[in-house]
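Have a look at the structure below, then the notes.
We call the chains A, B, C and D, going by the order they appear; numbering starts again at 1 in every chain.
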Amino acid sequence: MADKIRVTVWNEYRHEKSDPKVAEVYPQGIHGQIAAFLGANDDIVTQTATLDEPEHGLTDEVLANTDVLIWWGHMAHREVKDEIVDKVQERINNGMGLIVLHSGHFSKIFRRMMGTNCSLKWREVGERERVWVVNPGHPIAKGLPESFVVPHCEMYGELFDIPTPDDLLFISWFQGGEVFRSGVAYHRGKGKVFYFAPGHETFPVYYQAEIQQVITNAVRWAAPVCGPYTDLTKAPMVSALEEFTVSE
Amino acid sequence: MADKIRVTVWNEYRHEKSDPKVAEVYPQGIHGQIAAFLGANDDIVTQTATLDEPEHGLTDEVLANTDVLIWWGHMAHREVKDEIVDKVQERINNGMGLIVLHSGHFSKIFRRMMGTNCSLKWREVGERERVWVVNPGHPIAKGLPESFVVPHCEMYGELFDIPTPDDLLFISWFQGGEVFRSGVAYHRGKGKVFYFAPGHETFPVYYQAEIQQVITNAVRWAAPVCGPYTDLTKAPMVSALEEFTVSE
Amino acid sequence: MADKIRVTVWNEYRHEKSDPKVAEVYPQGIHGQIAAFLGANDDIVTQTATLDEPEHGLTDEVLANTDVLIWWGHMAHREVKDEIVDKVQERINNGMGLIVLHSGHFSKIFRRMMGTNCSLKWREVGERERVWVVNPGHPIAKGLPESFVVPHCEMYGELFDIPTPDDLLFISWFQGGEVFRSGVAYHRGKGKVFYFAPGHETFPVYYQAEIQQVITNAVRWAAPVCGPYTDLTKAPMVSALEEFTVSE
Amino acid sequence: MADKIRVTVWNEYRHEKSDPKVAEVYPQGIHGQIAAFLGANDDIVTQTATLDEPEHGLTDEVLANTDVLIWWGHMAHREVKDEIVDKVQERINNGMGLIVLHSGHFSKIFRRMMGTNCSLKWREVGERERVWVVNPGHPIAKGLPESFVVPHCEMYGELFDIPTPDDLLFISWFQGGEVFRSGVAYHRGKGKVFYFAPGHETFPVYYQAEIQQVITNAVRWAAPVCGPYTDLTKAPMVSALEEFTVSE
């Protein structure tokens, strides 16, 4: 157990309760479906957390025991409390991975980590999306074909207002004439952040094999590395290397 | 006039009033000295703004007429109002350049733009710093030697908790055994951000020719480019490329 | 004159002589058309060079007096002599800009600078290409709209086997279902390299205003910066900083 | 066995035979020492290859069965045959990892992969080197302290003429006043390249625990990912996405 990656799947969990179409596609909630396919892997254990739980389900204990946090939100970004966002940001900085999905581009935590507005163009007509792999040697590309099609998806188009990614994984093509950097990876502090665009509350995207492969790969990539630096929220005064005398 | 780069030099301006040693080095304030050497260039016009002015001197009108904002702060980062930080962030996203100096690494606006904690190691014994140019073809390296020495400087050392820079310009060597990524450049939205570490309130760093050259180069690099996208704070719904019919 | 950017437009110049369709579109050769629109700018002077001239028109004197070299080739990449490629590479490393167009992705000089195979997918049915700007604050994006359409173009598709660009400027959408990183910028040594995909020998792409704007912007961006380091082909032995005694 | 990472350690293997001081430090050759500490890991199997073997020990069969190639060379870079370099480059492009050590910065294969001259400054007085970790969440930083000292090392100093790394791992400080990007990582094609500077033929650097940790981490990072794209040396003509008719 000790070596398994501990994933917490966070979901706003409002659409599923208010919209029968969403409930039909995701009867256990989007978080339930994501936790289910991730949990089927031997090296991953999952739990879930949702907006309307106390502290949005993200207590200090939950965060301390999370290696990778997955984030799905859409209509209630503003209801997420700033003090929870502060704590999540500090955990990422100290090593936790964050995977943000689809409409989570406008979540407080993603905008906080990026420093930009994270805006984009969009169109919701169920058009075809084709996802191209552009960094084939990256661990998040493992097991994928050169490209794959999501038959019906919400269009997300450029300009996607994000910082230059450390690694650009996927570029999506949309039927109506747009492109989108749909898989982008970042190092932030001791942690890592991955944003993946495909996914929607009324299309069964999270049942598609390639989508599940990407998110599973991303969990493994984003898991903390046991490296140096104990607390990145400190700015310590330090002494000079012993062997030298520096002028005072 | 119309084509000149309009620079606003912002300074916390507290040290100069409370510490005679600082006042002696910078009798017109650090902002006064920076505005003076920048303003000596034909293509640059300067104004200044300080913390204790109404709206910290950064009114809507001032921001609308600023191409590049230079930021110096140290002891009073917390006194900068969040609503001013919000406005500055939005202006950067829409094209304004930001140049952050030395202890400004812990300013609200820099941390906001970076998304990380921006912590570092430090030591204040007036030791020697040697700044090495590591991107010699970049416009911010124009006119510089391979390396230059700042005779007495506060040490800032790694780990500098910042995102991977788009362009790494300078790496500093310190007498006591540390290194520091002392010049880092970022694209953010339509704007640009440059952080430059050398500089201190009691050392005459901003009188040094190479330091002035770097800041002047950075102003020219960070000046807005008249490119596409009118307002990056919007996420517009768009129609498909006319020539195509997409399934609805 | 001294301050103008000196551009040499190199063209294989075979298609124009062997294929009447190409000659009709580019009666002065592709190099002639590119030199014409660039030369209309006050800050740029142009000359041309072609494969069948002695030393491919790239004598030591021509290279020494070239700030930015533009490269167009297609069917005769193998005929370019390795010793000329060596000299061009050394000039780039010491500051000259290189702009590679369209089928030049498979030129010896581009593959040499990239270190990868530079392969891609392609299809030649005259389909529609839509070019999206994804780095709107970059000087190469100056004056462009959010996207523009090339009505008929050869498709170039991912995977484009290139190193991660320092700056990704453009992503192209193609009618048939592909995407392409169609504008990519690199620092190499003291010089800069820009690759721009749109352009073809039988489509009048180099007469289109946006295409001309991009290439003109790229020339200004790629012009040498007068920075440090005299000769990057040397690996000099150096002494320690005077102030220190290091153990021998 | 099938899942183990197959490492081939290549060594020029000349110094050890000509210089008794080198033979004393590395009686089995530098390749022998590196293969020994790597082979002590359960997930790694090693073999070695040297310059004076037929085909430099890098036959088609050896390359086909190598997941990660480690390269050490110094005085005989020119004796490496170009056709072997061609084959190694093609293997990297198709997924093999390459780890280049110390004076290998001037090897044909590293310069080929980088596209730049790979020159640097150097000084050989056995001074102290301090290696700082600047990307603490990267798998190559696993298990390392914030910094570590190599007591006696050859100085390698900036400007290191390399492309902007995809990931900058380490920056070294040298006693005499220089800094160096001593750990840099790149994606190239489907493969990965890591350069690590510390290491020398007469200092026992490859016996130091932190150095062994870095190289072991790098092997795991550079091992091939089983991702898409079968052969990156091809530029295939492709058909349009079935669902669309594109103008011909």
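Points to keep in mind about this one:
The definition used in the following text is that a contact is a pair of C-beta atoms (placed from the backbone, for glycine too) under 8 Å apart; a residue touches a chain by one contact, two chains touch by 3 or more.
It should be emphasised that the depicted structure is a prediction, and the values quoted were computed from it without experimental measurement.
Any chain touching chain C that also touches chain D appears here: A, B.
With respect to chain D, maximal separation of chain centres occurs for B (centres as means of Cα atoms).
Looking at which of B-D and A-D shares more C-beta pairs in contact, the answer is the pair A-D. Centroids of chain B and chain D (each the mean of its C-alpha atoms) stand 37 Å apart.
One finds 32 Å separating the Cα centroids of chain A and chain D. Residues of chain C found to touch two or more other chains are 128, 130, 133, 135-136, 146, 157, 159, 164, 166-167, 177-178, 187, 189, 228-229, 232, 241, 243. For chain B in complex with chain A, the residues that touch the partner chain are 89-90, 93, 106, 112-117, 119-128, 152, 157, 159, 161, 163-164, 166, 175-178, 186-189, 228-229, 232-241, 243-244, 246-248.
Interface residues of chain C, counted against chain A in their complex, comprise 130, 132-136, 146-147, 157-160, 164, 167-168, 171-174, 177-179, 181.
Contacts from chain D toward chain A in the complex involve residues 95, 128, 130, 133, 135-139, 141-146, 149, 166-167, 187, 189-192, 224-229, 232, 241, 243.
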